[in-house]
Structures are given as structure tokens and as C-alpha cells.
Amino acid sequence: MKPLTLNPDRLFPSDPDVRALCRRLYAEVKDLPIVSPHGHTDPSWFADNEAFADPASLLIIPDHYVYRMLYSQGVPLESLGIPRLDGEPVERDGRVIWRLFAQHWHLFRGTPTRMWYEHVLHDVFGVGEQLSPASADRIYDQIAHRLAQPEFRPRAMFERFNIELLATTESPLDRLEHHQKIRESGWTGNVITTFRPDPVVDPDWPGFEENVQRLGAIAGERTNTWAGYLQALRVRRADFAKMGATATDHGHPSATTCDLSPAECERLFSTVVSGKSTAQEREQFRGQILTEMARMSLDDGLVMQLHPGSCRNHNPGIHAAFGRDKGADIPTATEYVRALKPLLDRFGTDRRLTLILFTLDETTYSRELAPLAGHYPILKLGPPWWFFDAPEGMRFFRAPATETAGFYNTAGFNDDTRAFCSIPVRHDVARRMDCVFLARLVAEHRLDEDEARETAIDLAVRLARKAYKLPEPKRSAR
Amino acid sequence: MKPLTLNPDRLFPSDPDVRALCRRLYAEVKDLPIVSPHGHTDPSWFADNEAFADPASLLIIPDHYVYRMLYSQGVPLESLGIPRLDGEPVERDGRVIWRLFAQHWHLFRGTPTRMWYEHVLHDVFGVGEQLSPASADRIYDQIAHRLAQPEFRPRAMFERFNIELLATTESPLDRLEHHQKIRESGWTGNVITTFRPDPVVDPDWPGFEENVQRLGAIAGERTNTWAGYLQALRVRRADFAKMGATATDHGHPSATTCDLSPAECERLFSTVVSGKSTAQEREQFRGQILTEMARMSLDDGLVMQLHPGSCRNHNPGIHAAFGRDKGADIPTATEYVRALKPLLDRFGTDRRLTLILFTLDETTYSRELAPLAGHYPILKLGPPWWFFDAPEGMRFFRAPATETAGFYNTAGFNDDTRAFCSIPVRHDVARRMDCVFLARLVAEHRLDEDEARETAIDLAVRLARKAYKLPEPKRSAR
Amino acid sequence: MKPLTLNPDRLFPSDPDVRALCRRLYAEVKDLPIVSPHGHTDPSWFADNEAFADPASLLIIPDHYVYRMLYSQGVPLESLGIPRLDGEPVERDGRVIWRLFAQHWHLFRGTPTRMWYEHVLHDVFGVGEQLSPASADRIYDQIAHRLAQPEFRPRAMFERFNIELLATTESPLDRLEHHQKIRESGWTGNVITTFRPDPVVDPDWPGFEENVQRLGAIAGERTNTWAGYLQALRVRRADFAKMGATATDHGHPSATTCDLSPAECERLFSTVVSGKSTAQEREQFRGQILTEMARMSLDDGLVMQLHPGSCRNHNPGIHAAFGRDKGADIPTATEYVRALKPLLDRFGTDRRLTLILFTLDETTYSRELAPLAGHYPILKLGPPWWFFDAPEGMRFFRAPATETAGFYNTAGFNDDTRAFCSIPVRHDVARRMDCVFLARLVAEHRLDEDEARETAIDLAVRLARKAYKLPEPKRSAR
């Protein structure tokens, strides 16, 4: 048995002076509450507060970082319990899935998954030995045992994780019953929604035309005209705001924005809802929607997030058998400077608006995003996203972002995760890596330590609160 | 009051062995004279040698790094004293502007501006306390007091900065009176001009057609034919060479070059001066001009500089209200391999020519620029430019540039600045970062210390002198 | 005289803890045999086992890293002994060439060539003084003396280098006589070929149409139809497999793949062999060939390698005078996500296939290649290639590749070199840099030392053996 421990200096460089600085800076932020303004946890967990079923269905089946790695080495998704769309059988025994995971544990060396899991096992579930084929069953039993206890129900974990606020993400077709139930429950956990309209604004979304109809039905508006469609979106944004939403989120293939005349918009809308549009028209429509969303934000104050540049469902076999979001999305080169210009020309200096930009193309940090965010009052840089939400990805981000845009045109950290148990470690990794960056600035006499301390706290919680216009904490921050 | 000091080890890593190496290497270069072959200071400062007006108009109003950051956080340019084109009132009180700057000082943490300003305050103006809202007035008074003294007139500062040579940049429409006056004054400071023809060769430049007419008038040539136009450029290049110019500079949206037949050139010229050209024709024209400039350089020996890839005046509101160069230029992806081929096919191996390449797209260092400069005899790599003229930008440049092109296909440092007082610190930062890079090579046993020492001096002064074909120093180098 | 020594800690960082870790990890891998599954050495060396002619013809004339650097500084290729296509005289005196090289030795500071040569001089030829104009003749004599000794014949060096396996690269027009001779000689050195079909599948290759005819003649198939052409390729793949080939290699301008219908293929084939194709048709043909090669690999098991993105023969003067592969190839931006989709849609999940991807565009590591290799079962990442086969290139690769694809979706190291004597040092540099990366993970408590040790061995030899399906070592690994 190989013991599992978490070294308190993990991620800190070994140089004694820098490490000492890291420790001092990290001491200021490690116990701050978690502010999680963007993510994909399931609100029903907090609405119903039922026990999680088993270790595999909590920790493996929803985690595309895990199963994409195993799949890349020849492990079929069926054997990991990923449900097939055709209902054909997949592995149902969580223990069997867990053993398969343990057999492939070495694949995760040097990946963030390795770090996330060690923290989840050790800190969340109190596991004291390293994962291996030999220990797999013992660890599985230990986690399963814990999950049956009241302290491991969703709300209890939410509280133990010291989460000040957690945003989920829902489509305009979601009636937000879970959020309603949370609010009516009297539980004090601050769970809010986020308005993610992709299914009703992206003509490439499966069922788009039908979704537009359903949007109208839910909003009580006629969505067969451009005006009615926009009004339905407005209605639903207001509904989302009532469930705490402070932000919208947009997952587009590119950062294209458009600023068409009302007549062009009306015509384009008719074309895309007819199902007979060209790829270019659909791209234009998405681009126009971003500008419309910006316009609505001037009124209702919702912060915009743009997550562009993923080539979704790259593997057609996986898409056909298992559906979306199965680890087969691949980044592509993404252009922002010309793409955002129509929206920026219209609203780039209107301080009622905040637009937080994300990227899957690291080359844009220094070339496009930091220069844009270092100029336009509405723009802020989101943290490294998805594949880059990892120590080296963070390191690669911070230097160019800071030299051109400074710390204060960034939006703090968000974990963007479905994996609830990993939320603490994801924030912890971000805090540690920010301390590493700040410690180096101090060690190289580029920043005073008192300023670094203040900046570390800003990066850990204050910038996220400010960028996302978050409500005051319900509970006093520890 | 928080004291302001400059640690002698700033920018050096904290590892004791590497730091010791940095110190030894830096000792070799810190007192070398400043060779500044490319920049944007105002020659009238040195011609007239009048006292600078006040701290804000010297240190803030001309510095787009400063006001773009404040603008990005919602500070109107008017409140920083940036003059409006329509003459509407803007803040005129330097002290009020300075206070506003001081209130936002924390925005610059981790940016090169922070480092530049601390050095300027401490070393140039002898300020002993850190900038803050509380100290703003005291520091303002201290700088204002100094500026009134003879030792802070332009020529005195030039000499105290130990500047061996300073190149300014003028358009062919400039009659170079200031340079003439400097030369006639008997002052020994070596200030030369640089030929930057953008206003008369870029058909997208405001007033291009009129500028071409004015060029003819100044040069005494008829610029209504391609031949006459080229002759006028030749005449003005000769005029610039008389005012010390050793180089031309070209700020194009892309690196496109063309090599058209004389007949095509004549036709293209007619089209662009008619004002009825397409975007593609204007791009082609700029591309042809680069090849013509190269051809002229074979005769007159002027070194070419190419600064491509900036999307100028991205923010139309700022452009309309305040004009060009107001911090709203954004880098774009830039291609060199195919773009430069027409010029290289024609002149790439003619050693009479030197072409120094710059970029705002860091991805091209390893992929395009270092491989090109590591092959073509005429090509040299310029230092990290603009947003990348910063410690991390320099670090990111040096590794890929060196592994493929070596040190000796680079052109040394140039500061490219309008901010006169920041010239010493910009060279100092570059020297320090080169010592950091070299010290690591030595510490990792990849280079001997004596070679690193020699290379540090090459990077600090000798490569710039050689690449720019600079005249021998007028004064003995300290 | 300045002594030449190789510090045992070269490339290791100076931090004492990390350096100690590096030493321990490196001790595990430094004496492992060399597995070289991709390279360009000449099989006649091992077939004939004759002495190498002289130091210049062994060490300079075939090394484009060397002569491109000298050429970039104005040294004509003729003076370095590079043969001209027109037979005009070039320098023949190896000693004169060697002196010229020594005069320019400082150009290589900070380049991998510097490191490779120092190792070759010191470890392969026992040279004890540094190269300089003063020592050039002495070192030349010493190497020349050694080359005349039996221990410096190719097979003896192969054995002394502890090469477990060495793959050369041949065209389908090569009858593999040298490989046949090696096999018949009874020598136990494991030298295998690789199937590189560019001259018969790339319509832009000089003599393509004639090459297709010659292919038919060699294979005994009629290559005037698409079917016959494919059959000829199949025949030759089988011939190559008999000479030990486990892999094919494809050097295309882009990563484009196509998946056309048989009728389209037949028509496209007719067009390209007619010599009347468009650039787009030739690109499409190359793309279809990759898919055909993948299909053949399902049957014969040959591993595919794709080396795209080089703009070949960029300098037309050099190409006309000296031919291909003369240091004038320049990388270009390379897209993989859409380019590979047709092939991946067809065969991306068929585990009989392995496709190893290389790049000259470092931006694709994090954005495209690691995400692709971290998902598709057939994909593996090759090591940093060409300009990036250098310490900083390796450092830049490992972080993004590992965080997204892990270590185990990479294919280990290959040296890809014509420079036989540099094979040991190239593998040594890769092993050292992998130890540096792993040591940092251990020092930052991200990986246990025992796992790092195992991973170091995997990266040094096991991953290459597995990815390339290499035969069991003939000799017991030392």
C-alpha cells in the first residue's frame, strides 16, 4: 500500500525563497470562500439533496477528462458506463468501472486530472492510499460508504466546501424548477442559474426550429417573427434573473459578431427558422445574436460570457452513439480582432456592459485578447478554459495577459465544471498558481509583497465577484 | 510613506547561482552607452532644448501604454488631457491628471509600465517614495521642480542618459528642419532621422492622394507618374540620409510583398492615386512599395525595417474623437513565409540589403521568423515589439529565436518609444533579460561564461550598431 | 587552448533539489540502448562499412543545420563544399571547409548544433579542446586520424553507440539493395527501412509522372490505372516490410486528408498523372493518398507518420543551384482539426492503425494535436521535430502535450537525422530534457519519484518501441 498524501507545498517551485513567498501568499487565500460564477453542476442535486448513487456515477461517468483519456488508449466508452443513445447495454457495475479506471491510472501522470482526483480522494473522501489496481476495491468501498452518509449529501458538501456562490448553466427551454425548489427550500446555499441560449439561437443546434417554437411557448410570446423571438428571449432572461442569474453564456464555434439592420435581421431570422439557411447565414445569425444579447444586457445588466472556438462532436461515431459532450470536442484557431469588431463598434465603450472572453487558442492571449481587454472598457479576460484549466495552462496565460492587460482586466477564476467534488481543488490549483506567479514577481523585485498579497485575494475572489456582479455573500466569509 | 527603491537584482531569478551569474554578466553591460536606432521621440526637443512643460504632459499624455490601461477601466481620455480633434475641452491641469493616474496606479502591477515608471521616478527624477494617491502631489511637485532646472532640459538628459545615438522617425513630408537645426547647433548629441514613408505609400492613409502631391512638391519631382513618384521617394531618401538616416521603416497591416512588372506598377499607381482602388489593390500597392524600397536600398544602403500586423484604430469612437495612435491598435495574426517571398525571390540573397523584421504575433518567432532569418542573408530579427517589449515578452522571444537563428541573426535592442525619459530603463530591462537568458545557458552548462559575456555586449550595443550600419560613436563610449 | 569538457549536469537546472532529482532520473536512462525509429542515415554506410572520407564530408556537408546558419551570415554554400547541380566547382578541400566552419563557430551559441557538435567532438572523437580558428587544424587532424581507424567505421560506431534499432527512410523507387546487403552480411546491427512514398504520390514532386511509371516497373504492376497504382504501392509496402519496415512516412505541405469515392479517385488519378492538374487537385490527391495509406495499414500493419507543414525550397536560387533539402525549407501555419477529419471519420477508431503526428507549428500542440491525440485511439504525438528538436523546443512541447494528452499518447523520441555521429547526443538531449520536466513535476509534488523513474524509461525507449511496433531487440539491452 502506497500512502496518499497531499504535500502542502504542491505546485510551488523548489527554490527556497520563492517557495517561502508562495507559502506566505497562499496562506492569505487558501481559506477564502469559493466563488464559482460559471459551471455545469446539476441544480437538482441541491434541490433534492439526495445521496449520490455510487463512486463511478459521481466521479467517472460525468467526467469527460477521464473517459477521453481512457478512450484514447482503446477503452470503449461502453465499458465506462457512458450511456448509449440507442439504449444498447453499457457497463452498469460501478465497481467494474472503477477497477478499469484504476488500471489506467498511470495515463494521468502529469495531467490536471491526476491532481484533481488525488485531492478529491484525500480531502473530500479521506482516502489514505494511492489508487492502483490493488487498492481500487478498498477505495471504492470507502467512497461508497461515505456517499451513504448525510455529510456527503450535496448540500452538506456545498457547505463544507465553503462555497459562497455557485452558478449553474441552463437553457432558455429549462423552466428552472430546480432553482425554484432550492429557493423555496429555505436552504441558505447560494445557487444561481446562468442564461445559456445556444439551443434556441444556434441554427446548427439539433432541433433548433422546434426549440424556437418551444421558447415561444415557455415565454408566452409568438416566436415566428424576429421581434417576437427577441421578446421571448427578453422574457426568459428576466425569468433567469429572478433565479439569481447575473450572466449569460454563449458557446459559439467562432467569435463572429454582426450588426445588421432590422430588415436584414428579420429576413435572416425567417431564413434560419425555415431550416433552409446556408452555413454562412447560420454563422451570421449567431453573430447577430451576440450583438442582440449585448443590447439586452444594457437593459437588464446581465454579464456576457463568450466561449468560442470548439469544433464540437469531431468524432461522428461517438456523436451518433453517445451524443454531445463526450470528450470529442477539439479546439480550433480562433480570431477575435475582426470578429468582435461589429459588436465592439456598437457597444464596446458602454460601461453598462461586461463581456468576458474565453479562448481555446492560447496564441490569442498575447496577440488579441490581452490587447483588446487592455483597451475596451467592456472587455474582461476569463481564466484559462477547459484543456488549459491546468497548472501549465495557467502559467502560460498569466504572463502575457498581465504584461498587456494587467491583473484588473481579468475576471478571476471559474471552475466551469460538472464534477462537483472537484470544485475545491480546481480553485485551490488556481490560487496556488497565481501565488506562484506573484511570488516570482516579488522574488524578482517587480512587485512588493504587500501588493502581491492584495492581488492574490483579488484573483481568488474579488475580481470574480466584481466581473460577474455577484450579490453580497449570504454567509459571512470565513 | 512607502519608500521607492530599485533593487539592484531586479528581474534576476532568485536561484543563487543563476543570480550570481546574472550580476556578473550585467556588470559588463549596465554602463554601456545607449544605442537607440529606432524610436519616436520628437526631434524638436533636441533642436530647441526647451524645458518640458509639466509632469503630465511629459509622462502621461504621450504614453499610450498608460492611458489605454486607464481607459480600459473606464477613465475617459478627456480626463487624462488627451486632446480632442474637435477642440472640445479636455483636462488641462497636469496636477489633476497626475492625481487620476496615481489613483489607478495598482492597475499597472505586473506590467512593464510599472517598471518603467518606477525607474523614471527614482533614477531620472530622484523620487524616493512610491506613487499613491497620498504621495501624488508631492511627487508631482518634485518632478515639476526638476523639469524647471537646466539639467532636465532634453539635451542634458540625453547626455546624462549616455545615449550614443538616437534615431527619430519622420515622414517624407517632413522637411527635417529640427534635424537641420540640431546639426547646425554644434551640439554633439547624435540624433538621426529615419525614413518612414507610410503617409505617401499607403493608399489607406488619410489624405494619401494629397500626400503624394505634397511629396512631389517637396522633392521637386512630378509624382503623377510611377517613375516620377519613385524618383521623388529616392530624392527624399537621399535628403534623409543627409540628416543621418541609416534606415527606413514600414508600418504595414501585413507583411505582403509583390514583384510586379513595370507596366503593372504603372497601372496600379494610377488606380491608387485616383482614389478608386479596391482593398486588394491597395494591399498590392503597399506590397510593391516594399520591393521598390528594397531596390532603392541596394543603391543607397538604407536598412529596411518592417513593422507589420497591427489593426490600427480598432475603436472608431476613439479614432473619430482623438485621432491615430491612441492605444486602440490591436495585433492580428501575421503571415511572413508566403508574404515575403516575392521580395525575397528578388533580393533575398543580395547582401547590400538588410531587412529587419518585427512582429506582433509571437507565434511567428519559432514558426516563421527564426527559420527565415536563419537562412536568408538579408534578414535579421528585430527585438520584441510594442506589447512584447516587456520582461516576459523578451523571455518568450529569446528561446525560439536563438535555437533556430542564433544570437547573430538578431538586431539587438531598440526601444521604439515616444517616452524619452523611459529610454534608459527600457534598455536596462532588455539588458537584464538578456543576462537572465545567458545566465541560464551558463548555469545549465550550455555556454561558457566568457562567451556569454561577449554575447551580452553584442546584444546590448554591437548588434544594433552593425544591423543598422550606424556611424562610429561621436563620443567615446564609457 | 581552451579545454572541451562535457559537464555531467548539462541541461539540468541549477536549483539543487531539482538538479539532484534530474541526476537520479537520468541515471536510470542514460545507458539505455538507442531506439531510433525514424531517421535519414544512409543504409550504404552499414551495407558497405567503409571508412568515412573526411571530417567535413561526414560532419558539415550533409548537415543543413550547419550550412544554413553560415549561409545566413553570408557564407556561400559553394565554399562549404555543397555540390552544385550544374557541376560547377565547389570547395573540395575538407580542411578549408572545416576552417571556415571554425571561424563561424560563435554563430551557434545557444543553438542545438553547438551542443550536438561538442558532444560529437568530445565523446565520439575524443577531442579535448574547444573549436576555434586556432584549434581547427588540430581538431581536423584528430578526427581524420580517427576516421581511418576500424573503430570508426559505420558498424563499429553503430555498436559503440549502443543502437538497438535504426530506421532509415527510402522511396518506393529504391530497390533496397543496401538493406538486402546488410541482412545478407550476417552483421547483427538492426537497421530497417521506412516507406516514404512522396516521390510517387506527390504530383508536385519533380518527375512525378515518370516516377509513377518507374514504380510500376519496380513493382511489376501497371500503374496507369488507380487500381494498378494502388496495387503497386501495396507491393512495395510488402517489399519494405520484408526489409524490416514497420512504418511509412509522409512529408506533405499540409495535413489535408480526403475520402473520395472510387470514381472520383480514378478521375483524380488520371488528371494528376496527365500533368494537367490544378494546385487544388494535387492537394486533394495527396489528401486521398493519406487515406489510402491508412487503409493499407489496416492490412499490413505499417504505422503511419505524418510530417506536414514545411514550405519546401523557399529560396529559388538555392533550389536551382543546389537542389532540395538545402536548409531553405520554412515552416508554415498548419491546421489539423479539419484537415485530418476525413481520414479520422473513416479510420480514427480502428485500433489496427497508428498515426503519429508531427508539426512545425508549435501553436498546434495545445490547440489541436494534444486534444486530438488525447481522444482518438489511432493518434500519437511525435516528438518536437526539426527546428524544435532542441532543449527549449522540447520544453515548450512537453507541458501542453502532457496536460492534455498525457505521456502515453506520445511516441517517444526519434532523432530524424542524417548526421550519424549526432545520434547519441540527440537522444541524450531528449532524455535529459525529459528528466528535467519530470524532475520539476516531482519537485512540485505533482508526481512521485518512482513514477517519474518509470516514465523516464518509457519516454526513452518503451514508447518508441510500442508506437512503432518495433521487433524485440536482437541484442540484450545494456
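Per-chain residue numbering starts at 1, and chain names A, B and C are given in the order in which the chains are listed.
One rule holds for everything that comes next: a contact is a pair of C-beta atoms (placed from the backbone, for glycine too) under 8 Å apart; a residue touches a chain by one contact, two chains touch by 3 or more.
Remember, it's a predicted structure, so these values are computed and weren't measured experimentally.
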Legend entry - Shortest contact path, subunit A to subunit C, counted in steps: 1
Legend entry - Rotation angle superposing subunit B onto its copy subunit C by C-alpha atoms, nearest 5 degrees: 120
Legend entry - Equivalent interface positions on subunit A and subunit B, same or different at half: different
Legend entry - Gap in Å, rounded to a whole number, between the CA centres of subunit B and subunit A: 40
Legend entry - Numbers and ranges of subunit B residues touching at least 2 other chains: 15, 363
Legend entry - Footprint of subunit C on subunit A - complex, ascending: 2, 6-7, 9-15, 68-69, 71-74, 106-112, 114-115, 311, 314-317, 327-328, 330-333, 360-363, 387-388, 390-393, 395-396
Legend entry - In the complex with subunit C, residue positions of subunit B that touch it: 15, 17-18, 335, 337-338, 341, 344-345, 348-349, 351, 363, 366-368, 370-377, 379, 399-400, 402-409, 441, 443-448, 451, 454-455
